[in-house]
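To keep things simple, chains are lettered A, B, C, D, E and F as they appear, and every chain counts its residues starting from 1.
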């Protein structure tokens, strides 16, 4: 571990924290910028033991794009779910299914699992670390394979891009 | 309540977010109340309520940004936080339900692997 | 317009909370109750934000933030308890 | 001062004895010990004799020194005729007893102890008779009870000794307490405890309302000490003491203390109907009971003990009569009794040691083996019987003649003379018996030692001296009386009476007749003792010691059952008591109160508030309803907590909302942790009655709180809060007034509050350290195997949440002074974030990653806060004075530095440390690390 | 509104007291928590209840009484400390006495 | 402003906190720190007594805020004497505990220091809410100390003690709420001022609040029917802790004096809170009676001592309720005596238990006892003192109480209760003593001699007990100066206007304008 890694274990994250600070205090003065940067450096430093892995995010733009897609999906999926809950609650055919993972980074998998839970009628119920599968419950399934494919294309692939 | 001179467009947008948020959240709670099994009930709140409250927060963001004449993005922080934590909560609850071997509704096509 | 809408919005959230409370009361399983509580927490965030707007104060943000944080931690604690019979091990 | 010396010399003697005992332990040095013990009493005696001329001139020597003037307690001594007589008896007989004990205790280990105690006892007795201050006298009075307790229990291996000692202590000690009451009342009436003052205040005393009570209490003290019926029971059982003790305490000295007191106070309190009837009747009863029982005793010491009781009753009776002549007779008899009873006891001791028995049915015909003893004993025995020429004859005759003079209440007219004659008859009978039965009456039966062991001749010396003195008194009564007793009698009466004329007594016909009847009757009675004993044996045997023990045992059992019934270990009941205590008095007081509705107008109901109130009520009722299902109840409780938070938020208390929320979550997590070791349901075990009771209490409590709330809410507020609002910014440097109050105006409260939190955490650490939960862990472990301990997804999110939460807590911390927030909430946020790490990664995982232990964190937090407070000293201000300044740095802009922030940092640190310490130690109970392992 | 608040406080107190009188430590802890909610709200309301007027200087025109808030805050923290303590103690007692009855033993009959 | 005044609170706090920071300190260092701190407290308390003797009221404005807005500490003779008593008692407890009982659990010394902080704070504060805070400090520390050493009995007693006191705290807050809601202040002096000027309709509510406070303080002081937690708690606690607890009931008494006599005593027409005192009088007498009965029925010396604590509480509260200046002075003298002597008995019970073969202090069990001569003598002397027999302080104090009360109506009840309970104590102690020390058949066994050889008499523990008894004797010997001091102390209590004027300064004279 070199000196930079010791004192500044996560530069990107530090910047993120500084930004967060400015958002939180709702003031973009010099003082707060300096304070935010200081905190951004200090907090990762004292919490580095909890987060020993090195940073893996190499591509910021795809990540942002991913989040935009997710936002839209969340809104849309909510409409779908709302319709189902309100109008055909008794015609739903829920189902469990296993989703085979291609990702191998836990952090990325976490993002994928969260994404699945946030979008159309699906909840990640279990992450099997050995079989490398996710157990997913879906509110209304007609075609399992299509759903798996959709998740794979829309979320897992981009994530693979981001966390290479 | 002292916001007489708020521009109409902004007021409309805020009102929209307020109403939309309320409706979405209500639907989430209706789902919680009406759906048949615990796994299905998980879906309503974790998504709908999060989104619904997210809308309210955006409305608040807009409102206070205007009121304090400056961008007030704190609410965005809460929204972000909710979107990060809600799936984890849902995940944990689903795990708990599976662990307790809670029954699925009879309409379930395929139950969990070991049930 | 906002003034007129807000009481309705609040009313809707109150109904939502009552629904949550209903689920919390009837269960049937403890997971349902936890879920209901989690939802109730989230809905109350909206309630607090709405109150803030209604009063034009802008100082209840931290409270909303904390509910989000604490609600999450509470839910995790309870589910962990169900999963393992203990919370910290 | 030298009067005081008289009292304290024996203490010095006791110390000398203690030293000599330690220097030469063991049974071989009894004579040395005795010699040492003799010094102080002998000096006392000589001193007393040296005072005689001054006493005879009618002087009362008074010496006093203030001790506690506030309560009138002074170190005051008085030597007049009465105290001189008593003091001389005490020291004189004391010397002889020591002499006797030198032989009695020969070859015994316990001699040293006896000599110490007997001198202490002498001090106590001298103190009683020489005190000028009544309160001061009481000091010695209680000391006699105490030392006699030790002396009666001297041979503690004997159960009888222990019981006898306890009994005497309880009875005489109780009497002492009554006496304390009486003397205090007397002091209140007179305004002083000095005997001189008391004696000068007769009219005030007798005419006071409190006189009857005062007299009764004082007499209670006197009667118990002097073994008057029915308090006489302790005295026979005090015979378990070694014989020198009995001879000294229970014949010559201690039992006379009560008589002394009555005589002493007679001029001040006597001469009333009440005095007469109380004392006379008691004396009569005691006289008769003692005499009667004495006749039937087989134990020599028992007989002597009851005879002592009888004689004490006799003297009491005389004191009760109250005339000067009766007083003279009383003191005369008191002296003669001391002189003849002490040698008789000594005789009993010699016989006991020589033969190994004290039972007169076995001891017979000792005259052959112990002729000298027989000869010496003849004198005191004759004196006791009241044979002519003996001192006892005279005193009894004085009694008879005084009894004839009593005319005041009509019933006393003939009753008293008859009564005393019969008692005299009994006393003749037992006197004859003790002499005849021991020394004659045929052959001994089954004695442990026969022929009796040889006792050294020196042992007879004290007997001889006493017997001789007794004889002397009998032979020269007038001289004895004039020289010694008259002085004492003068001190006990209000007037200067003429000298008692013994020649006149000799001429008195009726008393002589009565004496004759008693004598003849007594001898007849003795001769007919066989059938009488047979009848007596038919009577149910009453053992006072057993009665006393039974009473004691029964009281104890009663006490235990009462205490057990009240203090039954039921928390529910204790809490109910507390509630009743809180509700009932207020209910009683406010039952007719009509001011509940205050003057303020009611405000409109806000629908949101109504909704919140509804949910609060519903969830609270739900908790109460579902409390048997613990986890659901806990969830409902969270709802209550949440809505309390919302209420705070609604009613303009954002700081409170934040605090309540954070606290609520931590509390729920802690309860969940605990719940994992507890049963999941509560059994339904309350009966209908219990539930009804609890519901009523709960309902009343709720109604009470509601009424008070309503009453206050409908009244206008007038508080000191304007000052805080006005001074928060200029004086405290913060716009969030609540926070400024917390860290500045009332920072001291906050310091206390975080101390409480810190202590709670340390306490949890301390008492879970050795808590063993292994079995529980095993049984609760059914879940394991399936569920993974640390779900990856949770772990990932938690790790990411930690830095963000820390950022949030930094935010909340820094803005606290001006906006809602502050160190406490920030601390809780940090703690919650770290708790999440524990939950996600497990105790061991998270513990490894903590930068510090928690206990030093708590300590450091408290130190920071305190030292910040102390900092203000250096600029000359009191503890916790805050300082702040707004600075304006180029580029950075204006910012504020306040010491309050440093104080808040202390709060933050303590909160983090304390919360995590509690959690980690609760969590620890489940881990492999397990008990005994320190966490935090 | 005063009546509404008063009734709510009464209900909180009543339920708290009722649970405090139960026989199991856990119920007692629940009761104590409810009771402290009631008491804290009571103390809070003694500063009278006002909406939209937090005691933050410069934010609004009229301010609520800040002192009871500060007092309640202290009370909340203290009752939190006490709750944490009593929960752990109850646990310890239940383990050591092998019963979670408040008296440490399961009574055969209900002692009145 | 004299900073020494805050030291009785700050020194134990600093010591306790420092001990936590240095949590790895070995027991020896912990002891020396703790003893050092306690010695310092004794010195400070002596200073306080002297200071209060010179100046009636010494004030300390915390944070330099003028009362009633900031918290004020008030040192008068009463608080000074309580400080001294606490300091001395705690010194002996620390010394005694340092012979080994502090090792039975963790952080004994830190907790004890916090306990002292709480007690001293309660004695010094002039603010009712701050009193609540210090009550909580001393309570939580006492919970921890009670559980020190572990064991089932302690857990059970501790649970009851804690829950009952939590209920008490809730009541305290309710009462504070009502007082604040009606009077608008919590400073004692200001409260007195407000109550004296309260509208007629508010007065019953204020008095009802004070009745709640009576329950709160009654729980601390162990007044019937709030006392049932005490016997088990005190007899379960480790000896030095129980000895220290002897002062705890007196905190309740002290609070009653301050609140019911001073805060409610400013009204010229009604000096002191007659409503509370009227309830206090009979309950205190019954407490006294029950204490006496409990003494008689106690099965072990600890329990017996616990009931003697109740007896002392009964006497203190009964005398307090008579609302008489001289009687209160007498009762304060009795407080000094009884605190000291009950502490002695808790230590003695432990000491005797140590040399008994079974290690307990039960009466019914006959067990070989070593060192019975020394123990017996000390027990005898201590018994004489606690039974209020002369020449110890108990005798003087009881004589004073009886004297002072005899001027008042209904004094005979008090007299009877005091004298009879005294007799019961004598009976119980003589039974205990003769049963323990006069049983040669058990003492003379070879076993006892063997124990005696291996078990050296702990001279330090013994000395601690002896010095405390000597204090009781000295208290009697030098009773007059102490009484003069107490007379002066109670005189101040019965002149609350002096207190109010001194504390509030010109705030009262200017009226309410200052608040604006």
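Quick note on the criterion: a residue touches a chain if its C-beta (ideal position, glycine included) is under 8 Å from a C-beta of that chain, and two chains touch if they have at least 3 such contacts.
Everything numeric in this text was worked out from a predicted model, so none of it was measured.
Participant: What is the touch distance from chain B to chain F, in steps?
Facilitator: The fewest steps needed to get from chain B to chain F is 2.
Participant: Tally the contacting C-beta pairs at the D-F interface and at the C-D interface, and name the larger one.
Facilitator: Higher contact count goes to D-F.
Participant: Taking the mean of each chain's Cα atoms, which chain ends up nearest the overall Cα mean?
Facilitator: Smallest offset from the overall C-alpha mean is found for F.
Participant: Which one of the chains is farthest from chain C, going by Cα centres?
Facilitator: With centres defined by C-alpha atoms, farthest from chain C sits D.
Participant: On a CA-centroid basis, which chain has its centre farthest from chain F's?
Facilitator: A
Participant: Measure off the straight-line distance from the CA centroid of chain C to the CA centroid of chain E, and report it in whole Å.
Facilitator: Chain centres of chain C and chain E, defined by C-alpha means, are spaced 21 Å apart.
Participant: Roughly how many whole angstrom separate the Cα centroids of chain B and chain D?
Facilitator: Taking the mean C-alpha position of each chain, the two centres sit 70 Å apart.
Participant: State, to the nearest whole Å, the distance from the C-alpha centre of chain B to the C-alpha centre of chain E.
Facilitator: That pair's centroid distance is 31 Å.
Participant: Report the inter-chain centroid distance for chain E and chain F in whole angstrom, where each centroid is the mean of the CA atoms.
Facilitator: 28
Participant: Out of chain A, which residues touch more than one other chain, so two or more?
Facilitator: Only 20, 24, 113-114, 124 qualify.
Participant: In chain B, what residues contact two or more other chains?
Facilitator: Correct list: 30, 42, 44, 50, 68, 72, 74, 77, 81, 84-86, 88, 91-92, 95, 97, 99.
Participant: Which residue numbers or ranges of chain D touch two or more of the other chains?
Facilitator: Answer for chain D, listing residues that touch two or more other chains: 569, 571, 573, 575, 579, 650, 654, 675, 705, 708, 712-713, 717, 719-721, 724, 745-746, 749, 752-753, 756, 759-760, 763, 767, 783, 787, 791, 793-794, 797, 800, 804, 808, 819-820, 922.
Participant: Per the touch rule above, enumerate the chain pairs that touch, sorted by label.
Facilitator: Listed by label, chains in contact pair as A-B, A-D, B-C, B-D, C-D, C-E, D-E, D-F, E-F.
Participant: For a test of understanding, state which residues of chain D touch chain B in their complex under the given definition.
Facilitator: Residues 783, 786-787, 791, 793-794, 797, 800-801, 804.
Participant: Can you list the chain A residues touching chain B in their complex?
Facilitator: 20, 23-24, 26, 74-75, 77-78, 81-82, 85-86, 89-90, 92-98, 113-119, 121, 123-126, 135, 137, 139, 141
Participant: For chain C, which residues count as touching chain B in their complex?
Facilitator: It comes out as residues 1-3, 5-6, 8-9, 12-13, 15-17, 19-20, 22-23, 29-32, 34-36, 38-39, 42-43, 45-46, 49-50, 52-56, 58, 61, 64-65, 68-69, 72, 75-76, 79-80, 82-83.
Participant: Which positions of chain E touch chain D when the two form their complex?
Facilitator: 1-30, 33-34, 37-38, 40-42, 44-59, 63-67, 69-74, 76-78, 80-85, 87-92, 94-96, 100, 102-103, 107, 110-112
Participant: Please output the residues of chain E touching chain F within their complex, sorted ascending.
Facilitator: 20, 25, 28, 32, 35-36, 39-40, 42-43, 45-47, 67-68, 71, 74-75, 78-79, 81-82, 85-86, 89-90, 92-93, 96-97, 102-104
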